[in-house]
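Both of the next two complexes hold subunit A, though its partner changes from subunit B to subunit C.
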Partner chain A sequence: MLSSEYRVVVGPEGYLAPAAASMGIVLPEPGEGLIEGVIVPEREAMHKIAEKLLTAKNPTFFPGPLVLWAWNDKAIAKAQAVKALAEAVGAHIIPMPDYRPKYPMINPQIEINPNHPNLTIWHNDIDVCVFVGVHCHYANLALKIIRGGTDCYTIALCGEFGHEDAMITLRDVNTAKLCTLLEVIEEAKIEVGVR
Partner chain B sequence: MVERKIVDPEYLLHKAPREKKFLIGNEAVAEAVRRANIDIVVAYPITPQSEATHIVGDLYAQGYIKDYYRGEDEFAVMSAIAGASMGGARTFTATSGPGTLRAFEMFPTWAGARLPVVCAFMCRGVNSPLSIQPDNIEIGWLMDTGMLIFHAEDPQDFFDMTLIAYLVAEQPDVHLPVGVCVDGFFVTHTREIVELPPENEIFPPYNPHLSPVPIMDMETPPIRQMRDPFVMKSNYISYNTHASWQQEVRAASIRARKHITRYLGSAVEVTYPEANILLIASGTAAAQARVAMEQARQEGVDVGLVKIKVLRPFPEAEIIELAQSPERIIVPEHNITGWLAREIKSRIKDSGKVEGGPRVFGGMTMPPKIIFDKIKQNGRMM
Partner chain C sequence: MKKGITTISPAFEDIMPEEYRQLVAEGPFGKDLGLGDLGTFKELIEEHPLCAGCGLALGIRLIIASLPAPENTIVVGTTGCSAILFPQLAMHNIHSLFGNQSAIATGLSRALRLRYPDQPKDVVVIAGDGGIGDIGFSFTMQAWFRNEKFTTIMLDNEGYSNTGGQESGMTRQGIALNMAPTGKKYPKLPMVELAKTAGCAYVAAVNPSLARRLGKMVRRAVLVAREIGSTYIQVMVPCPTNYKFSPSETLKQAKALNPQPIEYISAEAEQLLKEAEK
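For the complex of A and B:
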């Protein structure tokens, strides 16, 4: 397959899925997002996120350490916005409290780990997930493993430059942008008649 | 110490007034360190690097650097640098030849830990019998560590590339170590005109909270938790995680391309790209190739030059495109293995038109005449 033809779509992709960046997928610029590897206006990506979350059977948010720890005022505000977002779409919240592998075994009912995220997704039968507040390296690691081994649709709300390995990503996500996404979701709920 | 002023990095690099100085390469890299707002430098002496970190030690004494010490050996130095970088410090170190090899385990460790370390490699021979003289064979080995690799041609490049290395290394989507390589003695000990911005203008401090991995700050969550490394386990999940981790390091290297373009202009510098014979070289081999090219063109030979400034990520798209039109490609190098010719041959369709060489090593100089002779030989073959 030519790199330009590669698309970041639901897996399972295979034994060892490639990093999307190595297949020619590039990160969005400010004001843009990525849908399945294609750069789109940020607003379009937000609408797609709303559609995916509102039509999911078991949408689940995976908040990471950057929003789970109250390490500064911005983190607290962002965590509150994430919680409001999850509640708006009726999503479960399963935290990623830290990044060390959990041995001898993880309890996938209550947490997810970037080194073996597939276990939590399989156990809970999650069809759409949202990464938020996860450090970029670990988010990319987990997103690629999920794409490689599961059929879960991945969304990454990144505070930095975004994630090629997610099926939808937004960049520069701060509290204000989460509130905008919440507005887009509330509008979409009215359009599709979700109460 | 003069009173320092934090300025915008792009202003410092591209807009600040520059004053001409007559410096050797080791002085030029120290001038970059002076302006990079570095927290800690750790080093161990080895020729031809020693002078650079000696001068940097003087900068510490003058208050330009927060901490500085001599490690027990190069492995200790590079390990200490890893610790400092994990703790959120901006770091600098340098080494040469045998020191590079002694420390080698730490280079993929830096990359795997996503540490934005900048290390200058003043390349020298590593073979037995002992040589302290110029030879850049170590670059070929460094290229597979996951580090970004720049190759400076002269003291001016060495100054600019060292500063640019920090800007690229510390991008949140990159966050990888950068090796800034020069050919020992030919650059480190050769005095040339170097244009420098004001010495009191410095980079903003490093912000470790933009890192793609948590910094190791045990007092401020979210901390980096290091216990139970997955590599200690023997199962499919651990292997798959390790593989994915390596893929992410390479992905970060690919992401560096746009930042390199922004700060360095381009990974390659091209003169007469439509020529029938193309010289492709990096470091001081590019300088010698330029002299040979000019001589050949005066004699009516259609020859051009591609200077490769960035070896990792390799400028693959640029080289594939540039390699399409010339009938012959000549790759002069300062090492016996011909790592640059190997890189080029592995990427272009018609690798048969690539002639690796001339090569010199073990301290030998590369007179432009031997490149000129190679151009003439290839001209007769067309």
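For the complex of A and C:
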């Protein structure tokens, strides 16, 4: 496949899914997002996130260390916003408190780690997941493993430049942006009469 | 509201796995605990995949429980048997390409000093004798010559255990191992003497049967590295699997191989420790 035609879509894509960047997918600029590798206005990506989460069978949030631990006031506020978002779409929350492989002792029912994220996804039959507060390099690793070995749809709410290895990504996600996403979700709920 | 790297965000207290809640409530973070407190707190390493009776496992357990500030410590490991334990360790740890540990620790300790000028961050290399004395020897020595401010702890099992028993520089003369059947032709490396000559401010060697002594040494080495410069500890941690003795005899072997602890403290370090241990 030509790299310009590559799309970041649900797997399983194969044991070693390529890094989307190596297939020609580029990161969004401020105010933009990515849907399946295509750059779109941020608002459009938010609508797609709402649609995916509201129509999922078992949506699950995977908050990482940057929001799970109370580093500072910003982290504490962001954690609250993430929780509100998960509650709004009726999602489960399974934490990634650190990046230890802990193999083979991971308890996939209650935790996820970036080295074997597929174990948690398979065990809980998760069809749509949201990464938030996970350091970039570990998010990229986990997102590729998920694309390679599962049929889970991945969404990354990234505090930095976005994640081209997720199926949908927003960039520069702070508490205010999470609140905007919550509004988009609440509107979508009314529109489609979900939950 | 309480904040910090070992405080759970209030929004997620209910979904944090029990292990983490216990680490926060009953772990050693910020409590200045030591070996004497073992049994009263949740340890940072509890389960591991090393062989039964492995000297490394005991050595690492004692070393980790002796760190003066585990919440502000980064362990740098490298390839070898210890590397299959470290992924379970509930504190910051970095795996380096075999032998690179002192180079990684150098960059890390320098960067942390710039990034956190008001918060001491301790960098502690913990690696096998092959990693420190052979393959990473050049990096080890160069870091000591530069007087880099981190501690190096050698887990000395006198051979390459993880790859099935080849001789290392630390294997004693005459010893034959699975994959070195003709026996070692030259003596054990004098790493303690080399560390002193290279300028380490604190150098020690001990076996883990002297647990309290080992605990004190780890604490001293970390404090001296924090303020003055390179420090080195050599811990005798025999390997029952490759040296073919019963796993119940590990401590007996360790005592026999290194009965007398060694401790060298530079005048400057002596002064510092006198203040710290008042």
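The definition used in the following text is that the second predicted complex is superposed on the first by the 194 of 195 C-alpha atoms of A that agree within 3 Å, B and C clash if a C-alpha of one lies under 4 Å from a C-alpha of the other, contacts with A are read in each partner's own complex, and residues count from 1 in each chain.
What we mean here is this: a contact is a pair of C-beta atoms (placed from the backbone, for glycine too) under 8 Å apart; a residue touches a chain by one contact, two chains touch by 3 or more.
Since we're looking at a predicted model, the values are computed, not measured.
**Student:** Under the superposition described at the top, does placing subunit B and subunit C together on subunit A give a clash or a fit?
**Tutor:** clash
**Student:** With both complexes superposed on chain A, which partner does A:83 reach: first (subunit B), second (subunit C), both or neither?
**Tutor:** second
**Student:** Of the two partners subunit B and subunit C, which one touches more residues belonging to subunit A?
**Tutor:** B
**Student:** Once the shared chain is lined up, is A:192 touching subunit B (first), subunit C (second), both, or neither of them?
**Tutor:** A:192: touches no partner chain.
**Student:** Look at A:22 in the shared chain and tell me whether it touches subunit B only, subunit C only, both, or neither; answer first, second, both or neither.
**Tutor:** In the superposition, A:22 touches subunit B alone.
**Student:** Looking at the overlay, what does A:101 touch: subunit B (first), subunit C (second), both, or neither?
**Tutor:** both
**Student:** Looking at A:160 after the superposition, I want to know if it touches subunit B, subunit C, both of them or none. Which is it: first, second, both, neither?
**Tutor:** A:160: touches subunit B, not subunit C.
**Student:** Classify the contacts of A:110 with the two partner chains as first (subunit B alone), second (subunit C alone), both, or neither.
**Tutor:** second
**Student:** Just to be sure I read the superposition right, which of the two partners does A:137 touch: subunit B = first, subunit C = second, or both, or neither?
**Tutor:** So A:137 only meets subunit B here.
**Student:** Going by the contact rule set out at the top, does A:145 touch subunit B (first), subunit C (second), both, or neither?
**Tutor:** A:145 sits against subunit B, while subunit C stays out of touch.
**Student:** Counting clashing C-alpha atoms after the superposition, which of 9-17, 45-53, 99-107 or 153-161 on subunit C is the one that bumps into subunit B?
**Tutor:** Only 99-107 shows clashing C-alpha atoms.
**Student:** If you lay the two complexes on top of each other, which residues of subunit A touch subunit B in one and subunit C in the other?
**Tutor:** In subunit A, residues 68-69, 71, 98, 100-103 are touched by subunit B and also by subunit C.
**Student:** Show me the residue ranges of subunit C that touch subunit A in the complex, using the header's touch definition.
**Tutor:** Result: residues 1-12, 15-17, 20, 47, 87-90 of subunit C touch subunit A.
**Student:** Inside the complex, what are the residues of subunit A that reach subunit C?
**Tutor:** Against subunit C, subunit A makes touches at 63, 67-73, 75-76, 79-80, 82-83, 93-95, 97-98, 100-103, 105, 107, 110-111.
**Student:** Show which residues of subunit A lie in contact with subunit B when the two form their complex.
**Tutor:** 16, 18-22, 26-27, 64-66, 68-69, 71, 98-103, 115-116, 119, 135-138, 140-141, 144-145, 148, 160-161, 164
**Student:** Which residues of subunit B touch subunit A in their complex?
**Tutor:** 114, 172-173, 175, 210-214, 220-222, 224-230, 233, 237-238, 240-241, 243-245, 247-248, 250-252, 254-255, 258
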